[in-house]
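Order of writing sets the chain letters: A, B, C, D, E and F. Residues in each chain are counted from 1.
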Amino acid sequence: MTPAPRYGPPDASLAPRYTGVRTFARCPHVTDPEGADVALVGVPFDTATSYRPGARFGPEAIRSGSTLLRPYHAAQDVDVFASQSVIDFGDLAITPGNAERTAGQIADGLAPLVEAGVTPIALGGDHSIVLGELRAHAARHGPVALVLLDAHADTWDEYYGERYFHGTPFRRAVEEGLLLPERSLLAGMRGPLYGLEDLDATREMGFEVLTGDELSGLSPSDYSARVRARVGGTPAYFSFDIDVIDPAFAPGTGTPEVAGLTPREALAFVRSLAGMRFVGFDVVEVSPPYDDSAQTTAMLAANVAYEFLALTALESQP
Amino acid sequence: MTPAPRYGPPDASLAPRYTGVRTFARCPHVTDPEGADVALVGVPFDTATSYRPGARFGPEAIRSGSTLLRPYHAAQDVDVFASQSVIDFGDLAITPGNAERTAGQIADGLAPLVEAGVTPIALGGDHSIVLGELRAHAARHGPVALVLLDAHADTWDEYYGERYFHGTPFRRAVEEGLLLPERSLLAGMRGPLYGLEDLDATREMGFEVLTGDELSGLSPSDYSARVRARVGGTPAYFSFDIDVIDPAFAPGTGTPEVAGLTPREALAFVRSLAGMRFVGFDVVEVSPPYDDSAQTTAMLAANVAYEFLALTALESQP
Amino acid sequence: MTPAPRYGPPDASLAPRYTGVRTFARCPHVTDPEGADVALVGVPFDTATSYRPGARFGPEAIRSGSTLLRPYHAAQDVDVFASQSVIDFGDLAITPGNAERTAGQIADGLAPLVEAGVTPIALGGDHSIVLGELRAHAARHGPVALVLLDAHADTWDEYYGERYFHGTPFRRAVEEGLLLPERSLLAGMRGPLYGLEDLDATREMGFEVLTGDELSGLSPSDYSARVRARVGGTPAYFSFDIDVIDPAFAPGTGTPEVAGLTPREALAFVRSLAGMRFVGFDVVEVSPPYDDSAQTTAMLAANVAYEFLALTALESQP
Amino acid sequence: MTPAPRYGPPDASLAPRYTGVRTFARCPHVTDPEGADVALVGVPFDTATSYRPGARFGPEAIRSGSTLLRPYHAAQDVDVFASQSVIDFGDLAITPGNAERTAGQIADGLAPLVEAGVTPIALGGDHSIVLGELRAHAARHGPVALVLLDAHADTWDEYYGERYFHGTPFRRAVEEGLLLPERSLLAGMRGPLYGLEDLDATREMGFEVLTGDELSGLSPSDYSARVRARVGGTPAYFSFDIDVIDPAFAPGTGTPEVAGLTPREALAFVRSLAGMRFVGFDVVEVSPPYDDSAQTTAMLAANVAYEFLALTALESQP
Amino acid sequence: MTPAPRYGPPDASLAPRYTGVRTFARCPHVTDPEGADVALVGVPFDTATSYRPGARFGPEAIRSGSTLLRPYHAAQDVDVFASQSVIDFGDLAITPGNAERTAGQIADGLAPLVEAGVTPIALGGDHSIVLGELRAHAARHGPVALVLLDAHADTWDEYYGERYFHGTPFRRAVEEGLLLPERSLLAGMRGPLYGLEDLDATREMGFEVLTGDELSGLSPSDYSARVRARVGGTPAYFSFDIDVIDPAFAPGTGTPEVAGLTPREALAFVRSLAGMRFVGFDVVEVSPPYDDSAQTTAMLAANVAYEFLALTALESQP
Amino acid sequence: MTPAPRYGPPDASLAPRYTGVRTFARCPHVTDPEGADVALVGVPFDTATSYRPGARFGPEAIRSGSTLLRPYHAAQDVDVFASQSVIDFGDLAITPGNAERTAGQIADGLAPLVEAGVTPIALGGDHSIVLGELRAHAARHGPVALVLLDAHADTWDEYYGERYFHGTPFRRAVEEGLLLPERSLLAGMRGPLYGLEDLDATREMGFEVLTGDELSGLSPSDYSARVRARVGGTPAYFSFDIDVIDPAFAPGTGTPEVAGLTPREALAFVRSLAGMRFVGFDVVEVSPPYDDSAQTTAMLAANVAYEFLALTALESQP
């Protein structure tokens, strides 16, 4: 018989789930990677936002929105806490007002987890934080494949002279040799652009791009096949920008675009990747001051992280 | 020529619909069942809520959200007030802080209506109220078939030692002999569970369960066929938990789960049951403090009750 | 080489889009039609509202919600500012408390634009404003075809004795000879009615009516074919009432009806009309006090106006 | 022993105060003046608003905000329901979009109450409704004295050609011979004006005006003395515009002005008039769409009406 | 030199205060009383609420609202973390739906702290929780003196047959011999009552009662003198119901009453008690679903707790 | 006879004040200083915020909140647009994510105004923007006296290594020789501090500091005397951080502190300085995402700017 994992949520029969200090899914707040398989990690940074700020409060809100999560994921038929040890690592150190320094802090902050073989699931924070994350993963795995669900490709070069911004991280990551564009699939892009060249430039960098319209036309299994063919055997990283979802379901975000995916579509896409192994994950761009009073966006983001936990749990099952 | 029903909304050409004391669809507030065919009944109780409270204000909000309802239901081609007499019965007595006593009060409060042959449509309130409702109906009709749309099966045994809770009413109802599980269809269940056994235990009680994913795959006529086959000739009760709907469309509820039905889907399922006869109905778990400023949830719940009125109207047509 | 249009948004590389006085899509506020091809025009009027007021603040909110719009419309493959000169004309004079006088003011206010050959895109305001708009267009083009997306047909005769109301403009327009009902297609009607005769009366006036259920069953190309066949070669006017959209996506409106279109559906319908020429457009019934804190409705309305700009841009390309 | 009044709230020991159809302070909804001493009357009209509309929902919100009111007014040492019979008369007929016709409807609607000797307390609605109210009172009592607490004097002549507007009712009332300016005291005026002449013109009409700064400098007994000296033995009418209160305490109003009275100050002013007899009262300009989620403004307005009930109760005590 | 306390917030120069898992004032979450002087303790219970529920989320919100607290209390000239060791003990076990059982759980949960000599500051939760708190304190200190700031005296006997409710705890406490009414001062009572007997009955139980009007007339030093004279040498308990504050400053509460204290007044009253020693404290009735989007109520409650920390710090200074 | 000023708001009798593109108080948007006396200038920057961001939307919100402003300031007896020419200069260029570069951009952006003798009133933006403002003013006038109303002294040295932050501008300004601390008065400081040294360090820099408690104890004339004595004949700059106001009146701000000034107090302090001449003004730290739905904070900030206009108007009267 498999021993129970070292860390996980408390027995919910002892107290209502809304009691206690808010950690992700009520998992213990542990700052030592030893004995953990997966770590939720907050990155409360939003200096690099081009429109609506507030994502610095994203980790707090996602933790709050994770209160109702229970262990058994029915659609994937897996108990996400049964075969893996899950901790809430707390938040990484960041420097408000300085995206470049923060990227370094994020890489440094994740390094102990990555080195210890713990899979981090980052809770953003604006999308600029992915650069630091990719540095940490590439330091261990070499350049990785990117699987991105996002309304924007985030591959611009700069923003008013600022090179470390939430619209630029994947270009920086390519420049730094952290990503393999030819193994990466970016999907969900929609909304007005500066010009036709916006997507062309992304494709010229080597990325495959599926617009939101193209993505909506795919079944989950189609999407899954596209991702698996693209990634191949490369270590892969999954980044989920909440703005890939329609603003009705995710109003609390920094640069909303109308006419996005529904949660049913998006969660089905994520679930379709069962069996793939990812070195890390994030869910970003949750801006609580723009969320509704029911915390709809934060609860959805918590469920996205829960889907990630299901993917790692499926991998970790004996 | 059929005489006009005794009770119904006033002529809307006399005053804008937003004028007047708020009763359901502007129907008269009448506390004597005599002369009524259908009665809207508020049950402002939320002690039995496991996460977000507030459903005690559900009846007030649903009444407010019913202001715009007009008589003619185009999709069902029926004037809901032309052939049936409809009253707002007001709210039942309840005891805040005591779900068990309240169940008794609800049964007592509904008895005069049920005995007079008036079809009650209850406006919740949390889902614990359905136990009292089923007691009233079973007292007259014997055990009934349950048609449930809900994100949760609500068949647990207890909650921190409390046996009368909003997650337990259907188990209590079976124990009390109020329900025929083998004639009941529970549909829409989704979200994380405590374990695989959650749904299994429900099925072992004799209920048929359709998960949200299964339900989404059905056409309205498929669903209708499933319900009719299951219920057969048994007197049936319809319970609609607003959390079967996606939180974007129904944020004001106690235990939201992401990725639910759309209103278009759910209303089509309800409409598909035209011609069936139900002994009673409810729409529950509307929590106004979590609704948006446009009262989206309350308006939707008012429309669910309006769909119920269309079902009873179709039955009462000459 | 084509010279650049005279008016359009500033170069976004000079300042973040959220800076500056709020005009539509950051286009210059110009009150002289000379040199303009398309003009955004606010009509801040809501006296004629039958339920929730607030649309007087619609133009302000839509301008605010247009901040993020960028020039290139990827789905239509067109830069909306490259071949046409676009201005924000400001708001028309209106008289709060007097819908009849306001209709005249709107017609007078638009006349200089229409006479100068500028295509106006009106930002409402409640739907009563369309009467004044149609007067201006008919004065130049003769009676026009109406393409309407709306939850309501707005063809009633009066409202408590008031003949100039947001539920009556298209009847007034027919009476005034501004519209050709036999060339017009009204689509999206849903929700409870006063009686079967509501839609029948509209059809008897000569309009073609597609209910929301019928519309949802059409593909964009089906819809496009229906519209083109109906309109033929008649000068056409496009009116988009935001309440054709489901309240989850557009809570900020005056008379919401549950179970509406999604933005993806609605925008696809608009896009399907590429190649048609419209003499004018409006997007109406945006009521900011009922919008959510993320301004979801206003951003959607701004994107509807952007779709209109794409239609005119496609027409104006060399 | 005095018999109990015919109408009043139910025994609160039978059901929590938040149960039941929402009438003012849970008093019965009665439309026959017979047997009533005081009647709460809703006037859901906001066509005449110059800035933020929404006051048409004021009566609904004030009724909702009155739920917690209990019988005994400790500061005035009076049970407001012990010696007087209080009903909720419902809402008066009004015509949205037509302030002039509505003024007539209000006068007609109040006439049966006034003629029967019932003291009406009107729940607005924008301030234009006071014209109709004053017509009803003057028809019985002759011209009355006005005691006004308001941020604005509402004595302009017209507004964009509209003579029936919420900034003009007291000028209309003087013109119609309904008011005795020389017996009236207007207090609380503050905020930017069009010019020095604004207040001068009001004074030239014969009104006494106390600015907000002057009013704040008065003790309740000073204020009381000023009012009593001014009114003398003339039948008096009390009008309370909620915008006399600071927006922090009353955000839900149509034309807020910063730096107003606190509720403690305002309620003390009202209480200071104990012993005076008023022929009628109103509390106006409550605009629920701008209220906060705790309904702070509506609850305050309900308490203002409760203060009026205390004044009439003190008069009716044996 | 005094050694630094064992527990307290981290050095704020290492990370912005908004980072990290939310504990009170960023103090460590510690569940062992050893080495602590003061413990913040959440009690997320709201079953016993008579009007607006939601206080179960009070502890979460107060922790979130405590983020900005810094060590040095300028008005009291004390560093609240310099001479005392402060922990966040997390939340006590409670049973939703059962106030009587919960009172026992609270007493049991606090016992280890009280026995270890740790001063608890409870974060409510509705006011019913104070019964369990007083049991824990009386078990160690014998019956205590109560210093209460509250809009309501909370000394009723029952509520619809429920004896454990948020309006009854102090009667229960007297019955159980936990309180010395003759050593207790209840201040701030205001709002409509059921009858004159409400306050009389409280006084007959032996309590001294200062109404809100009386309290507002006292200077802080007057209040302090009254409290000190009343309490004498008896071990005292301080309970702060947030509804003693005006709803404009504290909208997020269960039974708001208009015209309350300002925070400046209330904090000055608390500060005036410097030098007194309290065996425990609480701040209760914070209902986050009714708070505003700036969390004004929760931030205020966090500052009330901070005032308590200053009182204990002044006592613990060498 | 004095000619009318070149720029000012349009005649309000031509259109309701809520019509038109939103500029401050409806003044024209003019980018050429020629012919202007006073210029409102937006600075939409919030990178330098330590807690709640959002002030980048401050200028938009303040413009929106200024809609109701009228020309005549009754308390100061001055028409603010009669003797001075007022423009809305639009927003300055800024660089999100880079406070240091932005300080330079602000100085450059204001230079043309300052050099042309136009008095700028800046609408923030977080308080870091004052550094750039002071550079512009000192470049023309030499080091200036600072009159500050603020909950915080903003004289720290750095924040996580960032020297250009919203808590540091006045230290930077002293270092750069832009301010004369010995001629400056900082008032309103309150809330928890890092240590006693926080205020001491400010005083050691030469500033006079009045805490909030001290300030509340002053009458407006006392305050005026203190300011005039301190400033003497030095050119003075007035900075108003909206957080000096209590959060109930100004919830929409970045670092709220409980128990602040009321607007009545604060506006009286500003008005007391009539006759003084200021080289410039700002009102900062308005964060719209945290404001209430009535825009209470933004309206208050607009009124603060209006008070500044009254001060300049009093100076410019013939």
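Everything below uses one rule, namely that a residue touches a chain if its C-beta (ideal position, glycine included) is under 8 Å from a C-beta of that chain, and two chains touch if they have at least 3 such contacts.
Everything numeric in this text was worked out from a predicted model, so none of it was measured.
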Which other chains touch chain A while also touching chain C?
B, F
If you walk from chain to touching chain, how few steps can bring you from chain C to chain E?
2
By residue number, over half of the contact pairs should agree; on that basis which option among B-D, A-F or A-B is the same interface as A-C?
A-B
Taking each chain's C-alpha mean as its centre, the one farthest from chain F
B
Just how far, in Å, is the C-alpha centre of chain C from the one of chain B?
38
Rounded to the nearest whole Å, what is the centre-to-centre distance of chain B and chain F, using the mean of the C-alpha atoms as each centre?
55
Per-residue overlap in chain B, given as positions that touch at least 2 other chains
15-16, 18, 50, 56, 96, 160, 246, 248, 289-290, 292-293
Would you please name all pairs of chains that touch?
A-B, A-C, A-E, A-F, B-C, B-D, B-E, C-D, C-F, D-E, D-F, E-F
Going by the contact rule set out above, which residues of chain F touch chain C in the complex?
14-16, 18-23, 29, 42, 44, 56-57, 60, 63-64, 88, 90-94, 96, 289, 293
Of all residues in chain D, those that touch chain E in their complex:
12-13, 15-18, 67-75, 77, 79, 246, 248-249, 262-264, 267, 292-294, 296, 299-300, 303, 306
Touching residues of chain B toward chain A in the complex: what are they?
50-51, 160, 190-196, 198-199, 211, 213, 216, 246-248, 251-253, 255-259, 289-292
Seen from chain C, its contact residues with chain D in the complex are 46-50, 52-54, 56, 95-99, 101, 159-162, 164-165, 289-290
